[in-house]
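Chain IDs A, B, C and D follow the sequence of writing; residue 1 opens each chain.
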Amino acid sequence: MSEPLRFLDAEGGCARELPDFARDRETLVALYAAMVRTRSFDAKAIALQRTGRLGTYASSLGQEAISVGVASAMQDRDVFLPSFREHGGQLWRGVSMEELFLYWGGDERGNDFAGPTQDFPVCIPVASQFPHAAGVALAMQQKGENAGAVAIGGDGATSKGDFYEALNVVGAWGLPAVFVISNNAWAISVPRSEQTHAKTLADKAIAAGLPGEQVDGNDVIAVREATGRALERCRAGDGGTLIECLSYRLGDHTTADDASRYRDETEVSPHWQEEPLIRLRNHLVAAHDWGKADEEGLLRSSGEAVEAAAENYLATEPDPARAMFDHLYAAIPEDLAALAEEAGDD
Amino acid sequence: MSEPLRFLDAEGGCARELPDFARDRETLVALYAAMVRTRSFDAKAIALQRTGRLGTYASSLGQEAISVGVASAMQDRDVFLPSFREHGGQLWRGVSMEELFLYWGGDERGNDFAGPTQDFPVCIPVASQFPHAAGVALAMQQKGENAGAVAIGGDGATSKGDFYEALNVVGAWGLPAVFVISNNAWAISVPRSEQTHAKTLADKAIAAGLPGEQVDGNDVIAVREATGRALERCRAGDGGTLIECLSYRLGDHTTADDASRYRDETEVSPHWQEEPLIRLRNHLVAAHDWGKADEEGLLRSSGEAVEAAAENYLATEPDPARAMFDHLYAAIPEDLAALAEEAGDD
Amino acid sequence: MTELTIIDAIRTALGRALHDDPDVILFGEDIGIDGGVFRATDGLVQRFGAARVRDTPLSETVIAGMAVGAAAHGLKPVAEIQFMGFIYSTIDQLANHAARLRNRTRGRLTCPMVLRAPFGSGIKAPEHHSESMEAMLAHIPGLRVVVPSSPTRAYGLLLAAIRDPDPVVFLEPKRLYRSMSEPVQDDGVALPLDRAVILREGGDVTLVSWGAMLSETRAAAESLAGEGIDAEVIDLSSLKPIDRDTIRASVGRTGRCVIVHEAPLTAGLGAEIAADLAEHCLTSLVAPVRRVTGFDTVMPYPKLEDHYMPSVERVRRAALDVMEFS
Amino acid sequence: MTELTIIDAIRTALGRALHDDPDVILFGEDIGIDGGVFRATDGLVQRFGAARVRDTPLSETVIAGMAVGAAAHGLKPVAEIQFMGFIYSTIDQLANHAARLRNRTRGRLTCPMVLRAPFGSGIKAPEHHSESMEAMLAHIPGLRVVVPSSPTRAYGLLLAAIRDPDPVVFLEPKRLYRSMSEPVQDDGVALPLDRAVILREGGDVTLVSWGAMLSETRAAAESLAGEGIDAEVIDLSSLKPIDRDTIRASVGRTGRCVIVHEAPLTAGLGAEIAADLAEHCLTSLVAPVRRVTGFDTVMPYPKLEDHYMPSVERVRRAALDVMEFS
């Protein structure tokens, strides 16, 4: 078993020679900024939830490198199919913070993003996005789109039959799909070790005859590099890939969860040393002149962007009740029209 | 990748040193007789179906060694969970031919066998027996039964999510279950190569962290040996195993199928050289004095047993219509009682 | 015009759709070289190639889920489930995704897919090959459920289902696949999806059914005619949404209704129709609304199948009952 | 006697069952050390050990299927599905196996399992966490579907479900989990499974509901009382089989019926009750049978949840409608 792909170690030192893109200051700053922005968004979302102004929320604290790294490797024409913990990736792809707040506030309009119009919205039923990704990849293959479908799911998701069935058809049909496992070591209260007896989650690819690879999920460079290569294989017609990103869920499962019920603080704290922002910041400071002013400027602009988005979100008028009916079918069937009237005045 | 486990080659020569049980004439004759009986049963079942006296039937022609080998390795207290092509195993376990005819004739009473009362009946929804096997194994583990649950499914079954989910929980919980894949190279019209891109079906065990092994499924000795070892692991508390048995479906998928639509006779004929009866007969002749009289006696007694069972089956009075209601619940609920009356006189 | 059976009509409509629209794609188990276990796709892989008529691995969940993804990304998948008894594994994808994608994204992503499945009993098939669980699907908001009853309707409704911008489950009464034929023109003209159809006009009692049970229902109507009772026979056709107006209007005229289906009684779709009448036609009703259904039991193995199935006689008796009611 | 909420009562019944019967085993996602996301199993792993209170991998299909196997081999599994929106993947095992094993083997193998799941809306939970698709399950012959409406009933019905020799889906109205408490004695006494319960007697109109919607239904009844209308409130309790006699008898007295449920209208379980009345109580009915249900739409996200849910006012208005009908 080879070591997980890693370029930056926990302190930001180079574990191996960096890929080309990672020598470019602008690229690295963009990646860092995206992770910082995600963390600000997370913090604000939790604050809004705690004050009753947002619904149940799943924080990505500590896992920012995964979805940012994945999304940054994608092209516009690729399709992103997130689970529910990939805010960073959605933001990178162009979904707005306001749209994300709307979604987590319990408003379907948050999924009607102006942004990447072909991307899928958050997917709640665990692993059910993988069959969709296979379907999107099928459409890409069929239409010769030269693109890839990229789905992310958790370690828990790898226990589900739909994950497996989708992986299998991707292998059987050589579909251009990348399945990314965001292994944050926990599925709510169930640790990875109890989820499956498989040595690694990347190994699950063997069951479908696909290449599977483990990556340090706290190293955004490694995530981006592995995803980029997998997408190249998609474009070259070489089929799908499974990527397991190793990370750790630093927070509760969601705002409805209390992780102290099932895991010790002593387990969590060492992982704060491994988290993805520190190492990239250290690297930027050491290799790219990232200074205090840069850092402060970034924090300020992220904070402002989040606050502005939150304000807009909070000022959004609710959808009218009959919106329930308006988007159920392309045209409202006769037998629903009467009910829609009733809802209208409720 | 190691070679599939094999003791007898296609001609009946010894490919490697035989295990102890396979040096015993009586045991080998019993295995041979069970396979011959199964083939007779198959032939009669098809004849009955062709003349409108049996329902759609799935023949096990060419695959007799798998379920006979598996069942012969089991103890009474183990539980057998067949798919729909394991007549040989069911017969070995003590289900009567008459019961099997009843079942395939479309009568639920065929599943109420006097025989191995804890065994499961035929399972039609592909792969759905694997979760049951996990459940049976859980009960065994819980009750300290020192036994194993043995489920068989086809190559097609390995594409299903329930196969995978069951395999995964067997691995995660160390359950005493043996999953046997009867790889007959086809799932109706879909060849093994299009079913999955996995190198071997045994490899699928890796996804669950279980041992997986390929076996020559036309060598009843190999099947029995591998199953026996897997069951020993069950009894030792070492958890589950996946065994892939390589064989070939010599006949149509079922009596409702016409395999000539999708595969050439030229593909099929070489496999007649590999089938499981010839090689064991050759070995018996060469090593255990099996003579013409033995062979003829066996064929005669098998034929007679099948004919007698068929006669009994054909003479069986149909279940009364209200049997539909009588076994739906332990006691018939009030709101069904009225309907049951109606059915009674229909 | 060629005489087509229902299975021919389905195959013809599939061929037409593949020919007319390059985004149409077919997948399912054994639908390629084998042509489907009922031959609904016979010859299509030869005409349209293995990329557009695909044998899937044996995985119903991913068949449905892949259809959702493909539909959202611009294809028009027409997927097959081999028998309705194996459709349960698709319900998660149907209810949680196919039926919701448009609403969830306020129209940004849509799901123009069709899931075909043969359903119903009467061909002495093994266990799980004879189910009629259409009510489960008809309970899912955002889905359409459609059942044809003749070659003409099979052709026109399947084309409509494929062209519809929303997900449609197309349930094929397999007992009728080859039991009747009629001239069907392959003219690419679709039928309206949301309409019930009056197959026989009559003023005494309304008989509502769908799919294969229309045979028994029509036979009962003929037999009743011999007894001077003039039954109206309605083919529900669209199980979701339901054309409530047509049924209410008919019962408004007749005052009597018998609903016939193969599925078990409790929470079967007949209940919805009877409930609708109890709410909207109470004053017209002069007799109880009767349901003649498969018994409220597990679908038995073939030997008892005929007992389970509503017979012409049971339909006739129910109609006589409501006629005699006073 | 201790004051218990519904969630307490469920936990108490589970503890009692684990204590009394060594064959009882609990499994599901996060039911161990976490005590279940609603804490239904809080403390049980500590009391009974990790072998009897097991966290499963994240696999609903195998949770259901494993329960079937374990039940057939002598255990009494009580499995949990975390939210009803994730129950669809279990339907294949419930319909094709759990509900059939006894019938399929003519009683040789049986399936005494319980599948618990919280259901319903009203807690502003994310998508898929608020569904009420009980009608789908109630359509499956051979299954029992049970819904408690109070701590006392939760305790007694869950014990009954666990002791029942056949598979039971036990749906827990999660909006009520902590909204009420009452003294419940942990005496191990089960309630009868197949009985509807009259919660409030009244002679003017029958209101039928189950689970959480009984709150709105009872509130509507109180409000109606203020207007001089005496409503009878029936807790259906057993959704399959249905205690038809109790409902028929009530409507026989009142002549009027309103059925209230959260699930979508079309093919919801309210239809079965209305249909039963249309067949068996037509002559008693003096007004249309009304159904007040969740709209016939996808359950909306939290912001529109309140609009979707039947309100006290909608129930009251429906009752007034049927009272005013003539």
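Everything that follows uses one rule, which is that a contact is a pair of C-beta atoms (placed from the backbone, for glycine too) under 8 Å apart; a residue touches a chain by one contact, two chains touch by 3 or more.
Treat the numbers as computed from the prediction; the structure is a model and nothing was measured.
Student: When the contacting C-beta pairs are counted for B-C and for B-D, which pair yields the higher total?
Tutor: Between the chain pairs B-C and B-D, B-D carries more contacts.
Student: Taking each chain's centre as the mean of its C-alpha atoms, give the chain farthest from chain A.
Tutor: B
Student: So, what's the distance in Å between the C-alpha centres of chain C and chain B?
Tutor: Comparing mean C-alpha positions, chain C is 36 Å from chain B.
Student: Counting only Cα atoms for the centres, state how far chain B is from chain D in Å.
Tutor: So the centroids are 40 Å from each other.
Student: Find the geometric centre of each of chain C and chain D from their Cα atoms only, then give the gap between the two centres in Å, rounded to an integer.
Tutor: Those two chain centres are 30 Å apart.
Student: Where the CA atoms of chain A average out and where those of chain B average out, how many Å apart are those spots?
Tutor: 45
Student: Find every residue in chain C that makes contact with two or more other chains and list them.
Tutor: 57, 59, 61-62, 85-86, 89, 92, 96, 103-104, 127-128, 141-142, 241-242, 266, 296-298, in rising order.
Student: Touching two or more other chains, which residues of chain A qualify?
Tutor: If we look for residues of chain A contacting two or more partner chains, we find 108, 125, 159-162, 165, 168, 172, 194-196, 323-324, 328, 335-336.
Student: So in the complex, the part of chain A that touches chain C is made up of which residues?
Tutor: It is residues 79, 81, 108-109, 111-113, 117-118, 120-121, 125, 128, 130-140, 142-143, 149, 161-162, 165-166, 168-169, 172-173, 323-324, 327-330, 333-336 of chain A that touch chain C.
Student: State the interface residues of chain B toward chain A in the complex, per the touch definition above.
Tutor: Result: residues 159-162, 164-165, 168, 171-172, 174, 194-199, 203-204, 206-210 of chain B touch chain A.
Student: Under the definition above, what is the set of chain A residues touching chain D in their complex?
Tutor: Going through chain A, the ones touching chain D are 55-56, 105-108, 124-127, 156-157, 159-162, 187-190, 194-196, 256-257, 261-262, 318-319, 321, 323-325, 328, 335-336, 339-340, 342-343, 346.
Student: In the complex, go through chain D and note every residue touching chain A.
Tutor: Result: residues 29-30, 32-35, 37, 55, 57-62, 85-86, 89, 124-129, 265-266, 295-298, 300-305, 307-308, 311, 314 of chain D touch chain A.
Student: List the residues on chain D that touch chain B in their complex, please.
Tutor: These residues of chain D touch chain B: 25, 51-52, 54, 56-57, 59, 61-62, 64-75, 77, 92-93, 96-97, 102-110, 141-142, 144, 164-166, 194, 241-245.
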